[in-house]
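The structures considered in this document are given below.
You will see subunit A twice below: alongside subunit B first, and alongside subunit C after that.
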Partner chain A sequence: MREFRYAAATDPAAAVALLAGEPSGAFLGGGTNLVDLMKLGVATPDVLVDVRTLTSREVTDAADGGLRIGAGVPNADLAADRRVRERYPVLAQALLAAASGQLRNRATTAGNLLQRTRCGYFTDVTRPCNKRSPGSGCGALRGLHRNHAVLGQTLDGPGTCVATQPSDMAVAMVALDAVVQVLGPDGARSIPIGELHRLPGDDASRDTTLRHGELVTAVDLPPMDMPSRYRKVRDRASFAFALVSVAAALRVEDGVVADVRLALGGVAHKPWRAAVAEGALRGRPATEESFAAAADAELAAATPLPGNGYKVPLARNVVVRTLLELTGGLA
Partner chain B sequence: MTTVDRVVGAGIDRIDGPAKVRGTAPYAYEHDPGEPIAHVALVQSTVNRGRITQLDPTRAEAMAGVLAVLTPANAPRLSGDLASDLPVLQSLDVHYQGQVVAVVVAETSEVAKAAVGEVSVEYAAEPPDVRLAVDRPDLYAPEKIMAGYETDSVIGDVDGALAAAAVTVDATYETPTQHNNPIEMHTSMARWDGDQLTMWDANQGPHNIVNDLVAGFALDGGHQVRIISPYVGGAFGSKAFTHPNQMVAAMAARVVGRTVVLELTRQQMFSLVGHRTPTIQRVRLGADPEGRLSAISHEVVEHTSRVNEFAEQTATPTRVLYAAPNRRTTHRLARLDVPPPTIMRAPGETPGMFALESAMDELAHELGIDPVELRIRNEPTEDPERHIPWSSRSLVQCLRTGAERFGWAGRDLRPGVRTDGRWLVGTGVAAATYPARRRKADCRISVAGTPAGPARYVVEIDGSDIGTGAWTALTQIAADALGVGMGDVELRIGDSRLPFAGGAGGSTGLASWGSAIVLTARELRRRLEDEYGGQVPPDGVTVDGGVPGPSPHAQERSMHSFGAHFVEVRVDADTGEVRVPRATSVYAAGTIVNAKTARSQFLGGFCMGLSMALHEESVQDEVHGHYANHDLAEYHVATNADIGEIDIAWLDEDDPYVNELGLKGIGEIGITGAAAAVANGYWHATCKRIRDLPITPDKYFR
Partner chain C sequence: MDTEITLRVDGAAHPLTVDTRTTLLDALRERLRNTSPKKGCDHGQCGACTVLLDGRRVNSCLVLAVTVGDAEVTTSDGLAAGGQPHPLHRSFVERDAFQCGYCTPGQVCSAAGVIEEARAGWPSAVTADLTAADAELTDAEIRERMSGNLCRCAAYANIVPAVADVAQASGVRR
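== the complex of A and B ==
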């Protein structure tokens, strides 16, 4: 572990100003991801600007009937919020399916969104990894990638990366069309959550479209009146990252899909909004056949690796099952 | 002397429990040597095979707080008698990835770790050769396998019997590399006073460590080394033998002239303290239509390292479990560029029973016979290879009792036909077995002449409690043997200054140390009776005793514990997720000394077997040669949520042959066969036979 400075700011604007002058500094939320990466030598910030209690730790009602989640709200509090549990069960379920009670008490909303991949080559500084050390190669491509991406990877060139974004919460938020509020050196801006995380493209080192020094201050949830749920498949019953997860919301009218939201976790470098499947479903009968056809249409683009082909049928099954459960067709 | 009821057998709370819960029981890292401790960190090889071509410690040496950087160029010379991976920093050759190539000693652990990154090392490396395969031309038969067994056993005409058999099974099973992963990481705190070495260390038996340190540092004898290990936070075999950490700590303390501590990181555990070899096992069974076995063949391929020969005794349970006139077991090794493998809970039986007990399930299906019944039909009346009687054997009773407790009767033999919502439901059974052994152990018991009040008995033996409950069980044994209450016994264990004992391993602890205590106590009581008229003399009395080694009946009787596991397995029809909501395990292991800690051992063994079945696998990257999932986030062990209702029971079993207490040892039997029971239940639920562990959800989609 290298030496670093620790800085506290008095308000968000001061924190942004502090970090703007520190090209290799980082914001510190709960530290449950960043400090681990520092211990491993993967993250080497010169300065940590502590924002855990600086951004709001409250969930407040928004004028449009939605909710505003302060960036500092602990995962545990968010999962326990009555409004979240009642109106956005997909989000509460995703949070509770993640990590452990201790970690959820400590982890913040912003930190969770921005947690980095669990790829074992990324976290081991003695291995090649384009994300950690651009140009060094991708160790996972020919190594252990059982839990890596099947969609949207970069499979050759300097950007090669087959990692997944590991956050469960983010998958639910993508299905909910959340909007991320950001304060940067050039002022505030709003980012639709689907545009926050990015595919590796030709630069695997960048997980998101945030610019250096941009502070996440809140996440807005638009109103939601559809039933929703989150289903996570993992290697053991608890305390493991998703192999595949599905965040879904569905409204059926007269046996026909009136509206649907579908996002997949564990399959790509970003939470994967299943727009193709959604398009294939709207206006179609809410039956197992249409659900399966829609899942297949979405997954037709999959390019699985030698060691993770199972994710395609698994994702398909979980999509179908979750949608069926939302129709009440399957307990 | 007062007479009390027997405490052996009772479910006594751990006498060390309150101190552990309060955090006052000192583990190796927590010892206070009374001076500032220097911290040790390791530079490890990033290649599997080759030679160091350049090693530059100058930047690290220049860092504030760094006391020394040891390299092959400047490290103290160790004597040439050390084996395996113990000659640390003695050569520029690299034999496995993770090998220690330099050692930093610094004022703080942070500085030591930071300095590790400043030591630059270059290698001339060859690509790693790490893949185990049955068609490797370099497979060889070791001279002996672990625990002194013969490498092969061949009886009768196996091939002829297989060719003639009405029904046969021929299947290949694979178990992956596994790592022991105890909670407490291997820690060694070392200090030299002149030529006298003291080490507070996490190990499974202080005496096991002394000899290597004496040899390595060319000391005159064991009196120059003291290893202190009263409390150890789990081991599962990884702390049984000396590993590089103890050599490094002793070396570093000698160089900097003060107390040093080395605590391995979780990641370092994956290369420096051993692992369970992967295995590829071909099992062939031949039977008549009634299920009577005519032939058993169990051929094992496994690995060892370039620096040690560790030949896991994988097929040895097949030598005792079932009757069959024609039998063959073989073991072949590949010498790979891997860290030295070692023992991990029930080495041999654990992977071996997965294969054998899966094959028996496959045979039961081929025959259309209930798998419990098939096992009972093949119950041998004597040891089927040594042709000697059992000291005691209650496998059939375990199977029957387990079947009844579990509700096995009326089970539908057909696989893949039961559902509960989206769950596919099945049940599985497998046997368990483990050898009962006794080893040499010395003991000293002293009683002081106290003017008033009851006498206090000090029982000294270098036994070891690695979290098993030995502190409590040995105190119970001593109390009974002395005919006093537990409160009148002061037990001292975990210190190489105490009378010799072998380590906690091979489920021999209570059999050996307990017997030593019983015999020494008997001698003490005899002397008190004969020489002092039953009164403790004013000067007190001290008696030295012990047991010389194996039971005197070990050559005439075959000594094993047995058990049976029954599990319900549920598999999600859409996702392949596996749950084991309930299980019953019944054991017959002779005398049970402490009903509470014994239950924990059986339970823990079973859970570890379940974890093996469903989760545990160290994945070796064939390009880079390292264990790619080297932490607890990625090396999955079962969580609480993976463990359902587990019904543990044991049978009364009286065995006059095994040892003074009639106990067979219980630390390991629980894991044996458990993975097969789960795999068999998985097949019964899904119709899919997964022959390569672990049974993770991806394998459902094959």
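== the complex of A and C ==
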């Protein structure tokens, strides 16, 4: 591991000021991703600014009936919060389906959102990887990519990258239209969560639209009155990343889809808001046929790789099943 | 880069000078010679290094020692207060819940955390009713909640009843 200086700040503004002058520094949350990547030589910060206990560890009621989640709230506490369990079950389920009890106790809300891909070429410094080392190529494209993206990848050029964003929590937050609060050297701004993570485009090295030194301070959840749920498919029953996951919310009136939210995990470089499927569903009968047609419409854009074609029918089936469960049509 | 810290471990305070790169696991094992937490993977994947930090289970291999501050670290050693085995230590022996024993201190700390989490009413991924007031430690619940602790000897079939016995005695199992 590269040597680094450890800096503890007194408040968020001081942490931002500290990191602004350190181009190779990083914020430290629970460290469950960053420390791991530092051991592997993938992350090489020369300064760590510890923000785990600096940012709020509270979930508070917002004036609009939603919730404000402090950036420092541990994943375990967020999943256990009564208001989350009752009003945002999709978020509680996503958190509980992720990592292990030990990791959830230490991992923070901001760190979870900004965790980096689990692509095995990214985490192995002896392999080519445009995300870790721009211009070196993408080892996964013609290598092992069974758990890589099927939508929105960059398949040629310097930005080539077929990695997935691994956070379960982020997929649920995208379906919930969360808003990320950020404090940077130039002041505070709000980012709709759908605009936080990005596709690789021509620069695979950037996972998000955050600028260097911007501190996530909170995540706001707007009020939610639809039933919602999260379904994750993985290689083993527990303690494994998603192959495909779905975060969904659905309101049916008189047998017709009145409103719907749908986001997919494990399929792209960012949580994939299934806007095409949502559009195809509104006003349609809440039936298995409509659900399947909407999923197919969304996945028509898929460009699976030789080794991960299974994800397309899997995503389709998981969308259909999750929506059926939300209609009460499946136990 | 050297930094001075004081680690509070199993009831005693230890002033130490550590390189900032030192994990809590390495500080415990290499500096304080407390070898009850084990190094399996060093990447958060196996749970052998599990300790309690202010009563909550964490992977000590991913915690930098400089970030611990004045939090109280409890290892499996420390659960045996005054040399008296913890009820979980006894139940692991009674239920024959290990073979080589390498994962056991981590399993025991994790199980202590699981019982506290259930007492606080926390749900898990297999909890049918997320809004239920109380958590029940059924076998399925114990398996899910303990999934961050691997056992290469595959003593799982006996680890579940070992945890269940203590959960029962603690009133969080029906």
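Basically, the second predicted complex is superposed on the first by the 331 of 331 C-alpha atoms of A that agree within 3 Å, B and C clash if a C-alpha of one lies under 4 Å from a C-alpha of the other, contacts with A are read in each partner's own complex, and residues count from 1 in each chain.
By our rule, a residue touches a chain if its C-beta (ideal position, glycine included) is under 8 Å from a C-beta of that chain, and two chains touch if they have at least 3 such contacts.
In this text, all values refer to a predicted model and were calculated from it rather than measured experimentally.
> A:Y121 contacts which: subunit B (first), subunit C (second), both, neither?
first
> Tell me which partner A:F239 touches in the superposition: subunit B (first), subunit C (second), both or neither.
In the superposition, A:F239 touches subunit B and subunit C alike.
> Looking at A:G152 after the superposition, I want to know if it touches subunit B, subunit C, both of them or none. Which is it: first, second, both, neither?
neither
> Tell me which partner A:D50 touches in the superposition: subunit B (first), subunit C (second), both or neither.
Only subunit C is touched by A:D50; subunit B is not.
> Which partner does A:Q93 contact after superposing on A: first (subunit B), second (subunit C), both, neither?
So A:Q93 only meets subunit C here.
> Could you give the residue numbers on subunit A that contact subunit B in one complex and subunit C in the other?
1, 3, 237-239
> What residues on subunit B touch subunit A, complex-wise?
46, 110, 113-114, 117, 421-422, 574-577, 579, 614-615, 619, 621-624, 626, 628-630, 633-634, 636, 638-642, 696-702
> So in the complex, the part of subunit A that touches subunit B is made up of which residues?
Touching subunit B from subunit A are residues 1-3, 41, 118, 120-121, 124, 126-127, 139, 142-144, 146, 233-241, 243, 308-311, 313-314, 317-318, 320-321, 330-331.
> Could you pull out which subunit C residues touch subunit A in their complex?
Residues of subunit C touching subunit A: 1, 3, 19-21, 23, 42-44, 47, 50, 53, 56-59, 62-64, 66-67, 69, 110, 113-114, 117, 120-125, 127, 130-131, 143-149.
> Tell me, which parts of subunit A touch subunit C in their complex?
So the residues of subunit A touching subunit C come out as 1, 3-6, 28, 30-32, 35-36, 38-39, 48, 50, 52-53, 76, 79-80, 82, 85-86, 89, 92-93, 96-97, 99-103, 105-106, 237-239.
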